[in-house]
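Same chain, two partners: chain A is paired with chain B first, then with chain C.
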Partner chain A sequence: MATLTRQPSSGESQPPPLTFSTSLFRQISPALYLQRHLLHSPPTRPNGRSPSQCRDFTLTTNSLSHAHGSAVVRAGDTAVVCGIRGEILTVAPGDDPSQFESYNSSPTSATHACGTRGAGGASWGGLVIPNVELSTGCSKKYPLGPPGGLAQTLSDQLHELINVTKPVSLASLRIYDGDSNLSSTTKIKGYWCLYIDVLCISLDGNILDAAWYAIVAALKSTNLPFASWNQTEERIFCDGARYHPISLRRSFPFTTTFALIPIPNSPENSAGEAAILINDPDSYEEDEACEILTILSTTDMGTIQGGPSQPPLAGSRTRVEKIEKRGGWKIGISQIEICTQLAASKAARYTQYLMKEQLTPM
Partner chain B sequence: MRLQHRHPLPPPLRHSTMAPSPLAPEITLCPLPQSDGSCQYTCPTSRTTILTSVNGPLEVRPKDELPNHATIEVIVKPGIGVAGVRETRLSTLIHSTLQSLVLTTHHPRTLIQIVAQIVQAEDHTSLPLLLTPLLNCTILSLLIAGIPMRTVGWSVHLAVVQSVKGVKGVEGQIFRLEKDGGDEMETEESEEVVVRNPNSATLSSAKSSHTLTFSKEGEILLIESLECSQGGGGESADGQGWDIGDFLKLAEEGKRICCEEGMEVIREALADRKVF
Partner chain C sequence: MAARAPDRRRNNPPSHGTTPPVFLSSSSEAVKPKQPSRPADDVRKIFLRTGLISSVTGSSFLEIAPLKLSVSVLGPRPLPRTSSTPFAAQAILTTEVKFAPFASTVRRGYIRDSSERDLGSRLYQALVGAIRRELYPKSRIEVVVTILDSEDEGDDVNTVYIEEGKTTVETKFWDSGRAERALGVVLAGCITAASAALADAGIEMFDLVSGGVATAFVDEVNSKGKGKGDAVSNKLYVRDPAIAPPEGKTPLATCVLGYMAARDEISELWISGKIGTKNGTAEMDELVDEAIAAARSARGVLNEAAKERVQFIVDKTAPAPPSKGESTDIEMSG
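Up next, the complex of A and B:
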């Protein structure tokens, strides 16, 4: 480690230490490079952000013309496209429609519940089905081939997020026999089944937050054609001219991901910190992180409407819907509490962006 | 942190007494004589049965070789069908937990292979129901295999249920967390209760599910908490979730269960073996 010291040595008898350019130092010793940055005062990450700062993001909705709803999200060098396509699922006369209308309904076998389009896909995976693809060349680390561990884990995580947050009112996806008399369940002839496809164009860490934000934005921009059962033809027909938005939750929860970078004991580490928590890690930081914490939370809509430029007040109601912490052992309970507050302010910012985007004409 | 148990727990958990605690898991050590370490674990309440085998340190494939660490490989085999996305997720979660427990620097350039077979489960697709038995069983078999570990961990699954009505549980399985505002009456049936290691039926009526894993020293190893209420979604889902304060109380309780009762279970199970 001494050879990597950048400061000139004070002793005259010692040989001059090796010196490297910053870019080389970054390549050959990422852990030390990151630690030196974080131990600096004030702590700054190699990408210029402070530990609790997240990347700026851009959002564009309805850019895909063939999908019913779509969104492109870019946060730093992570870019994600999400397209939502509605497909019609016909209900056979003997089927019980109520099995489609609940999230968390238990499917019968392991292979059918995976959220991928296997045999039986729609009927067992529910009406809202996510799928993730990490496109070839999105990152140097993930080579060509069948979906690896990351893509599979991500796909399952998004499926779980949909089941946890229940974003779409499943009853609003019904297709009835005729336009009138919408109360009877016997008149249900089919359902809209929403296939959510997430394609990662470029991957630079924290794919989950970007993917989930893209899904939420795409759901908000989705317009399905009016569909009804035609009795003479005994088929479902769509009206190509009339579209309607789908019925969604009012307060959407958003995910916020944190990474913990371990700091070993060293003379430079005067404060004696064991680890530093950073918000929205990029892939360089993710490689060095020992612990990942993801919080899914909503902030009350009232606070956002009250003051759009202000962060949510400490007294505002934050509901947590999911916490996932894996790897490592250094995050304490108090840090989870701090992260929840950070997550709440980020969720509020996401919501503002989303509202701004909805207001701009397409 | 004080607790109000609906049914008072027997004072200290002592497995050496004749009647075993109804909450203690059934553990069989070394059911597979050919592997370096193996364990069969049955959750006392949900009856989820897991069989794990640990082999290592073994020779590692050149592709997976790490220059100064041992490679940990976790394979989760489903009870039904072939392994899918859910099993991959389970194995990533177990892998990341073990990464912080096993002293991988002690056997660099080797492989520690863990195979976990789900033998019996009420719901083969439910992540929360499977994760706790998988983790506990894996940790026990790692101890048997003599893999060097920094510390041991224990996992507990807690479900928050809206009402105590209709929830059947063994003694000590159901408890309630103390609220901040004064004493609550025992008769209040609508109050939230926490069910330890719930079964599939209890979980389906639960509001939220929390899988908490703590090390012997009380460090948080894994949290997998999620809202799991049923429903049709849309606006009916607005306002679901929990307050962070409630979660912190639950985490404290989980820590107590893992650090005290969990460690006692490990000690009892390995009583006649010189692994500690």
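Up next, the complex of A and C:
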């Protein structure tokens, strides 16, 4: 057991030092506990990882029977289940179908400059609707009941990620009239509306990465039934025997989240570092972080398939699509560059796992 | 579907509203409900694992064929110290059951509906008697059940059958006891998983409660009034029933119970259907006995899960060899 002890000084008459067990130290002084770990050489986090190391994750797709697509992602002690269900939106005769085919406009947003966030957060959305549920008893910290601050923030962040990355080609969600004599716009009778529900089963930090990865994997596994307009019944029917995947963009971006742990000036801090960046923080580290950096990047695997012998980045191209930083002023350009590289290698791993999972369907 | 006011706390669908997909099928190839292939006195395989969620006191995950649910136990933790909180000499237990939006054929909203509240109160009844609540005064124990997947009551709700080309008939493949059987299997799973999670949380209990469900079926002709006299002899009791009734049978009643095997006590009993009208108690006793037998087999799984967990904790807390322990720990000094 490691103990917190005072360095023995020369005086023999000193009272015995106050010692704590590691677990108690962890509880009563989380900031100090974390800093001591990170200043150790080599720096090791309390969970045993090195600062730049992310958690191992597992991915399972299509394990739910009622969802059109689903994925379960487990990264360390964070576990999320994502289920995607398609429902049908029937276009009324007078409606302009083009209003649905944009990620940035929604029926109510015409009057609001800030898009779907008009009307004080309560508004109608587009065809792809993500929601996160945290009141599943996933952690002690979040009370049950209606979504709290974090759940609402996450839902909104995911909504924004979907709007930015445009993962689904909205034109492919059209449901047509079978009659070929009509013009192409009047043929559109409805749309598939994708409900993306992410349930957090177990929460131990960095839920955004896990949720986004689950959403991407679930979208890839989604199969919708063939739907068409039935003229005699004047409604949309589906064919229960034929299913089709939805058309998605070629390469997916993935998010990688970093946390910055502040290190105060102290005698132990010989290197004089002001803060240490850690990859994939758990909830203990998240509580102490002063800055959170999220990088959304795409890794295009190109034509060369990275085999097990090759490094994961061989033959791949990386593109950063979005960087988001919350709080503080400590992260500099050089650190962002390092993070971008780490994000790229993580995105490459995500992509590889995703392809492996798709090749061996459950 | 007419759109209601948007939920201010969540992302909403387009204001036009959406409808679940409706399938078209000709009656000739109408999907016949799948026949259960196991014998009537056999229960499905149960997968039960505890302690998967590290950030709560106790948790469990249960899987019975399509049914998947996760239980977490929060607490015992102190009641909030407000003037409005009454003094509680015993722990206050709250139970919540929630279906995931994708857990059933028709998408469920996030707001709890009446059937979820009903399941929650039945789960409360099954557990409240088993917990030694007097040991936890002024505190609160929360049991949260999230159902991720279930064998739904209405797998054929959204199918329209076309007969002779023209007429559409919306056949709902429902029989009278369908919803009860579906909810019964879910409730029995909730009870078993919740007591595993309570045990994992280290909450003192008189006994582990396991859930059992059984349904009594009769031949279809009997239910229509003919040969009512033989109804007793033709009765078929099915433990852990599937949604689809056995060939040519029609359900009479479903019994769900929470059973404490070591004490031979029933903490929750829910019988719905027509039973006990004729040969009164005998019929009901038989049904309850079948449900108890189902609960006993669930108890076997529960015991194993509890044992596994205890073994895991013993292995983890056992003092590691000194050489190994020192290399993994970092010394804290200063």
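A few points about this structure:
Everything that follows uses one rule, which is that the second predicted complex is superposed on the first by the 312 of 362 C-alpha atoms of A that agree within 3 Å, B and C clash if a C-alpha of one lies under 4 Å from a C-alpha of the other, contacts with A are read in each partner's own complex, and residues count from 1 in each chain.
Please note the rule applied: contacts are C-beta pairs under 8 Å (C-beta built on N, C-alpha and C of every residue); 3 or more make two chains touch, one makes a residue touch a chain.
Here the structure is a predicted model, which is why all the values come from computation and not from measurement.
Aligning the shared chain A places chain B and chain C next to each other free of steric conflict.
Legend: residue contacts after superposition of the two complexes on their common chain; A:P225 is shown touching chain C, with no touch to chain B.
Seen from the Cα centre of chain A, chain B and chain C lie 130° apart once the structures are superposed, a value rounded to the nearest 10.
Once chain A of one complex is fitted onto chain A of the other, the partner contacts of A:K322 are limited to chain B, with no touch recorded for chain C. Looking at the shared chain after the overlay, A:E133 reaches chain C, while chain B stays out of its contact range.
Once the two structures are overlaid, the count of chain A residues touched is higher for C than for its counterpart among chain B and chain C. With both structures placed on the common chain, the touch criterion links A:Q152 to chain B and to chain C. Of the two partner chains placed by superposition, A:E286 touches none, neither chain B nor chain C. Judged by the touch definition given at the top, the superposed model places A:K330 against chain B, while chain C stays out of reach. Between chain B and chain C, the smallest C-alpha to C-alpha distance in the superposed model amounts to 5 Å. Residue overlap on chain A between the chain B contacts of one complex and the chain C contacts of the other covers 106-107, 116, 152, 155-156, 159.
Remark: chain B residues 78-82, 84-89, 92-93, 96-97, 99-100, 123-127, 200, 204, 215, 219-244, 247-248, 251-252 touch chain A in the complex. For chain C in complex with chain A, the touching residues are 3, 5-25, 52-57, 59, 66, 68, 70-74, 77, 96, 98, 100-105, 107, 110, 142, 144, 146, 148-150, 152, 159-160, 166, 168, 325, 328-334. By the touch criterion given at the top, residues 1-7, 22, 25, 33, 36-37, 40, 44, 48, 63-67, 70, 77, 79, 81, 83-92, 95, 100, 106-108, 116, 120-127, 129-131, 133, 135-141, 144, 146-147, 151-152, 155-156, 159, 193, 195, 197, 199, 201-204, 225, 227, 230, 232-233, 235-240, 268, 283 of chain A touch chain C in their complex. Across the complex, chain A meets chain B through its residues 101-107, 109-111, 113-116, 149, 152-153, 155-157, 159-160, 163-172, 247-251, 253, 290-292, 297-298, 318-333, 336-337, 340.
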